[in-house]
Amino acid sequence: MSEASFFTDMLQSITDRGRQLLFSGARATQVAAKVDLQTLCEMLLSSRGEASGMALAAEILDRWGALESEGAQKFLLMLHEKFGPDTTKLDQAIDKYRADKSSAAIIALHQAAEPRRQELLRRLNHAPNGTAKLVRMRQQLLASKDQSAGYHALDADFTHLFGSWFNRGFLTLRPIDWTTPAYILEKIIKYEAVHEIAGWEELRRRLAPADRRCFAFFHPRLADEPLVFVEVALTRSVPRAIGDVLDEGREQINADEATTAVFYSISNCQDGLRGISFGNFLIKQVVEDLRRDLPGLKNFVTLSPVPGFARWLAKARPETLTALDDPNWPDDKKTATEVERVLLPLAARYFLVERTPEGRPVDPVARFHLGNGARLERLNFLGDRSAKAMQQAHGLMVNYLYKLDDIVANHEALAQRGEVIASPAVKSLLNQNDEGRSGGNGQQGSRPFAQIVNSTLGGGRK
Amino acid sequence: MSEASFFTDMLQSITDRGRQLLFSGARATQVAAKVDLQTLCEMLLSSRGEASGMALAAEILDRWGALESEGAQKFLLMLHEKFGPDTTKLDQAIDKYRADKSSAAIIALHQAAEPRRQELLRRLNHAPNGTAKLVRMRQQLLASKDQSAGYHALDADFTHLFGSWFNRGFLTLRPIDWTTPAYILEKIIKYEAVHEIAGWEELRRRLAPADRRCFAFFHPRLADEPLVFVEVALTRSVPRAIGDVLDEGREQINADEATTAVFYSISNCQDGLRGISFGNFLIKQVVEDLRRDLPGLKNFVTLSPVPGFARWLAKARPETLTALDDPNWPDDKKTATEVERVLLPLAARYFLVERTPEGRPVDPVARFHLGNGARLERLNFLGDRSAKAMQQAHGLMVNYLYKLDDIVANHEALAQRGEVIASPAVKSLLNQNDEGRSGGNGQQGSRPFAQIVNSTLGGGRK
Amino acid sequence: MSEASFFTDMLQSITDRGRQLLFSGARATQVAAKVDLQTLCEMLLSSRGEASGMALAAEILDRWGALESEGAQKFLLMLHEKFGPDTTKLDQAIDKYRADKSSAAIIALHQAAEPRRQELLRRLNHAPNGTAKLVRMRQQLLASKDQSAGYHALDADFTHLFGSWFNRGFLTLRPIDWTTPAYILEKIIKYEAVHEIAGWEELRRRLAPADRRCFAFFHPRLADEPLVFVEVALTRSVPRAIGDVLDEGREQINADEATTAVFYSISNCQDGLRGISFGNFLIKQVVEDLRRDLPGLKNFVTLSPVPGFARWLAKARPETLTALDDPNWPDDKKTATEVERVLLPLAARYFLVERTPEGRPVDPVARFHLGNGARLERLNFLGDRSAKAMQQAHGLMVNYLYKLDDIVANHEALAQRGEVIASPAVKSLLNQNDEGRSGGNGQQGSRPFAQIVNSTLGGGRK
Amino acid sequence: MSEASFFTDMLQSITDRGRQLLFSGARATQVAAKVDLQTLCEMLLSSRGEASGMALAAEILDRWGALESEGAQKFLLMLHEKFGPDTTKLDQAIDKYRADKSSAAIIALHQAAEPRRQELLRRLNHAPNGTAKLVRMRQQLLASKDQSAGYHALDADFTHLFGSWFNRGFLTLRPIDWTTPAYILEKIIKYEAVHEIAGWEELRRRLAPADRRCFAFFHPRLADEPLVFVEVALTRSVPRAIGDVLDEGREQINADEATTAVFYSISNCQDGLRGISFGNFLIKQVVEDLRRDLPGLKNFVTLSPVPGFARWLAKARPETLTALDDPNWPDDKKTATEVERVLLPLAARYFLVERTPEGRPVDPVARFHLGNGARLERLNFLGDRSAKAMQQAHGLMVNYLYKLDDIVANHEALAQRGEVIASPAVKSLLNQNDEGRSGGNGQQGSRPFAQIVNSTLGGGRK
């Protein structure tokens, strides 16, 4: 039995007893049956909640866990409607603050503005497995979030608390390898989100060889559950294609022969912790750990998918790229060469020029790595020929480079000037793009982009 | 090396590197030297803080740690003055809320009212040993709290964050025994606050015998530091005096012979966590654990000091109790008998009748145990003849009884009706008090002390 | 990394250094290359071996590990021929003993009779992973044992040393479950010798459910390698067929609902430890552990194969049992019924009457369990229809009952009187057998199979 | 509870049950009471012992543990007299061997010459805590060894088994520091044999500082008991006096500033393992570990006592050295200088020239380190002014140098040529000695040593 499970079991036994005492005596069973969840929540927030310890919290979470879908929705709605801030007190606090802008008045205002839910959630966390259950509760909430504007307020409370509880200072990094307990490993198989792990044999190939590493963040209270993990290949060069990393027949090397650490898969594990960011801490710490253990490592790069590329390209796809409609296009060498010539400059534009309305890179993976201070290092044409990658990105993969000395500057360039830092090679691809666009006369005039591409490509073929 | 220390060391090495990159290059060293702590804090709150990971946090905490007393005070003041809420935004948020009392407006208001400090403290927690350092920072704050009203706002932020971080759900209970590492044990010696532990030999006598137990709460991030611990003696009867528990020559028994678990010392360890309550959880969990492991245990009681009794008594001391002025009064049997007859009814009054202006029991230890739902079980005359106990309580000790089935009811009686639940024996002492007060027929001797007392106290009431 | 692996790594690093010093200096490399294995072994036995610590031992084992099959054979031969006892000294010791039968003379004789190999093997064990390598060396020896009589002497030394090193007092029992590290679990898959485990999913079904248990013995020095393990099913009745235990669709129960623990698979893992017995200790300890943890358990039984039954039966098979020649015989209900009627009495005879020349039960699994003091409880017709079980035992399985209070008596009955203790039901089957044999009056049908059998077997006895 | 203790407890519970079954039923209790220890030992050696598992072994060891001194002596005597080899079988085996010197005959002879005790001890080791109890049994044996010649045979069996069980391959090295459990640490205090540890505060000063290390060998089955430990000081020079190492006021340094590791105390912990050598393995492994963790370490030396020096000197003390009779002689500077001039050459002779009848160095500590391949590096006049050191060695301490590259050669020089390897400085002291002895005319003639010394000293004083 894992230590965490043992702890959970012990808490469970305590709480069973607690629940008994909570509603002890002849009268109690009847009472318990009649008390509804909202009343129990009120009791938990009252002083009775302090005295009964974890029993009330456990009772509420158990009942919640047994609810059908509709009941669970109602429970969330009830949390929103009945456990918001006390607006009467809030209005009084505002009045006091307006009258006297003392720090005491601000504290009082801040407290009055805090929804009662937050304390309720804190007390629910006392229950055995409370944290895990609350994470699942938010997962439920997120799944239904679009249906009601009111849920947003509830989510704000979860986000606030989880941000505090899952502070990076409370996370521990643990290596995942072939000595890891099976019940953790099966979660790695389950949660892998980038390059599917087909089964235990494939998992073994990713964890056991001397040139493979995997690391995960854990939280002490969710000790059986990885929060986020990264898979790393130790290599002698920066790989261009996922096959270089994952092919069964690849040549294995010793760890100390490696010059390059390739982060080829990063997966978040807990839907209920969406938006609580650990990935950036994970990569930086893994870089540090690897550097310390393997001084021969000089390069830290990713081999990443480009999940938004195909969709973006579809909006403004030059007609000649209709070649992509034939699923076997990569097999025809000439077609592939043509596609590469057009696709890479467009990809450079996708990364370097395009922006979301908020001014951020459009690709979600790019947002993550560039936001972390990585540099866009290389575009890898046909880096991944899996169905998923062909569909999302026409097979394109990219390398992001993590150079610790440049991380702050890179990040600031993006955060403050909106500038994506990229290698000269990638930037020169953009120039090819521009050259193409300007029709050779060096003007970036009024002609629409798609049209230019089209004529360019057409011209090339004439 | 303990696991926690190892973790700390690893974090340290990462951060050293991070700090280097934070101010890397030729220019950096000069910059670092010139940047003041306030600016560093602003940087940490900015997006630059996200990118530089833990390095900035570590830099700030290291510099803070090196400050002399005066500088440290200034730092706290700066936190208060410069990192409160943005009042412009707060006023705007109030206006919006007044215009439209939507839940979105309340969230925005709550966020605007949150001092910027809170996010700053959360980010400082990313540093190696961050939590421990922040606990020390609050300790410093509390030490100087009385000096300035402004500090109260700062403390509210610490209290809010620590309440969330040290949620009982995140604490783990660990037994402390003779197999515990020495560096933890020396802290038990240091933190023991009730009955001093004179050295390792005495510690051994409290931990190693088969009829002794000790338990502590730990936090995963402060793994080397107990938060609160309780010492337990397993006995065959409820002890009346601390000597019955601690005397070297006492008879040892096997654990499974015991019927009674005596909580004879509870000590909080971290000044910086004052007011963040774990003691009640500790006792209840220890009761559950002991009950599970030793089914022969039927009674769970404390043997507790009464630290406020002598001071209270001094205010209204009956003249005859001047006997107490002779430090050797207990040695004279007749005097002792007389004193006992007067003192115990007064003590019953101290516990059952007297109240603070807020309506709570006046004795701090009583507030704790009665607030937890314990019952006042017995008053033990001359239970502790140590200098400290004689001075604080004229040697009085009491037993509080933890009966799990009654905890909620006892707690509610106090919380809602202000009623202290006590055993019939204790209550009857109060009646003697009352009888004495009302009677005056002197049936207990030539000139009853109770009567004397009565006239004194009663006089105050007339 | 597992603790054992870490320990191994550390030893390795020490030894690499040691080897360097062993042959340090310019001259050394040349020397090392020229020194043959026999000389190195002599060096290890000399005082030089004491000084060079583990380096020489490691050098020898490494070179041995690199030998091809023929070289490895020669190495074993060399151990036998060159590292036996010093016969001159032995003869002298005999003479002294004959002259003066003092205890000192016996000690000297015993020491002189000890092959030098034993000390050599003890010193080889100093090397990193020495124990594992020596176990593998014996595995090699056993694989070629039949080829030369001289190997027997060598094996006697291994057996003597391993018997001492793998003394039950040095073994630790560890549960194997779904929290066990993957690199241990894959060995469970590999070593399972009774009912093959097809892959990780099937492994999970045997380990993870609440009504399954698995335990293995480990040796501290072979911490990554189970020595022997047993798989247990917790049930509400004694199963008759392996399908009741292993079928995917079986009903799962809670552990505390179980009344019966079924040991349905016991596998030895290390060929090199053949004949060093731990299995009997394993079962008895597991019975104790389960009884302590699950007081509801009343019956401890096996569900065991009968690997020698078909071969035995073939020698004296009654003609009518030619029905068995049709592989689909169990599918025909009438045939199956007839076969059962004949087969079970024969099986009872196989267990209760037949003996090896040494007077022991002929079935190897029976020898193990009956020798441990178990009782033969029930014969299960068609308990296992797998190809292997059909071929070895015509599908027969049996239950052995472990009743701790009877173990010594059962064991003694077999060891001293040659009597197999069996349930009345099994014994009555034998009677049917006997009745059939002695009777001939055909009361069980038109022409009883038993009678046929009888005439056949009986004929053999005439 | 420690893991080892837990394991022990579990074994205990199993065995209690086993004992019950061993003598179960109405008749059993009476039987058990009547059966004497010798019979129980015979039962354990019989097949009944196999079946009853650990119960018989535990019964025997428990009864043995309860014996008074006289009974324990008788038990040992009984082991010797009743469980020696079967001489009839031995004689037969000798006859067979004489008739046919086959390897099978040798094996049979070796087995016949093995005292039955050895198998008995192996089976006793199955009991809970069996190993620890057998170690204690030998301790008892050693304490009374001188009283009877017969005990020697018994000790030979213990030595043989312990040599196998405590093979270095089964030992694990563990650091001892301030995070070590208290129950281990108190044993360090207890077992320290060279420089007494006065209490926990002094222990802390030896373990906790950054420039201190301690390591111990443990056996998996004696997990709560160190076998041997070494205390190490990390310094910047080779210390001349124990005060340099142990003084409270000494300057502490960081571990990575150290160039020198000083082994200043090595203590064997288990009397019952006397003669089973681990110390040499310990030092060499600690040297390797330290070298790996602290690459700055260049020198590995001891600071060792010279326990046999004073006794040796007394035999041939030059009359002028009567100065030593005044216990305050070191306080007189002039006297001290004189003594030094005479004492050091004599000490050089003590180490380099004097030999035991077997040709080994006379000093026991020297035998250990020189036998390990260390070099005698320096004699430190008045290195230890404690009463013990003054009495044993007139305050002399020495440094032995462990240079791994020279260890084998140094060891061989001593083992094969009887040559003690020493530094030039020490050897030159011997020359002074010789000069002195030869009266200045360079002849090592017939004049007795003491006389020469005398005249020399006398001469120096004139």
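A, B, C and D label the chains in the order they appear, each numbered from 1.
Here is the rule we go by: contacts are C-beta pairs under 8 Å (C-beta built on N, C-alpha and C of every residue); 3 or more make two chains touch, one makes a residue touch a chain.
Computed from a predicted structure; not experimentally measured.
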| item | value |
| --- | --- |
| Remotest chain, chain D as reference, centres from CA atoms | A |
| Chain C and chain D, separation of their C-alpha mean positions in angstrom | 40 |
| Intercentroid distance (Cα basis), chain D paired with chain B, Å | 50 |
| CA centroid of chain A to CA centroid of chain D, Å | 59 |
| Set of chain B residues in contact with two or more other chains | none |
| Chains grouped in pairs wherever the two touch, ordered by label | A-B, A-C, B-D, C-D |
| Contact set on chain C toward chain D in their complex | 7, 10, 13-14, 17-18, 21-22, 24-25, 47-48, 50-54, 80, 84-85, 87, 90, 94, 97-98, 101, 103-104, 106-107, 109-110, 113-115, 122, 125-127, 130-131, 149-150, 152-153, 156, 161, 163-165, 167-170, 172, 220-221, 280-281, 284-285, 288-289, 291-292, 372-373, 404-405, 407-408, 410-412, 415-416 |
| Of all residues in chain A, those that touch chain C in their complex | 1-2, 5, 175, 177-183, 185-186, 199-200, 204, 207-208 |
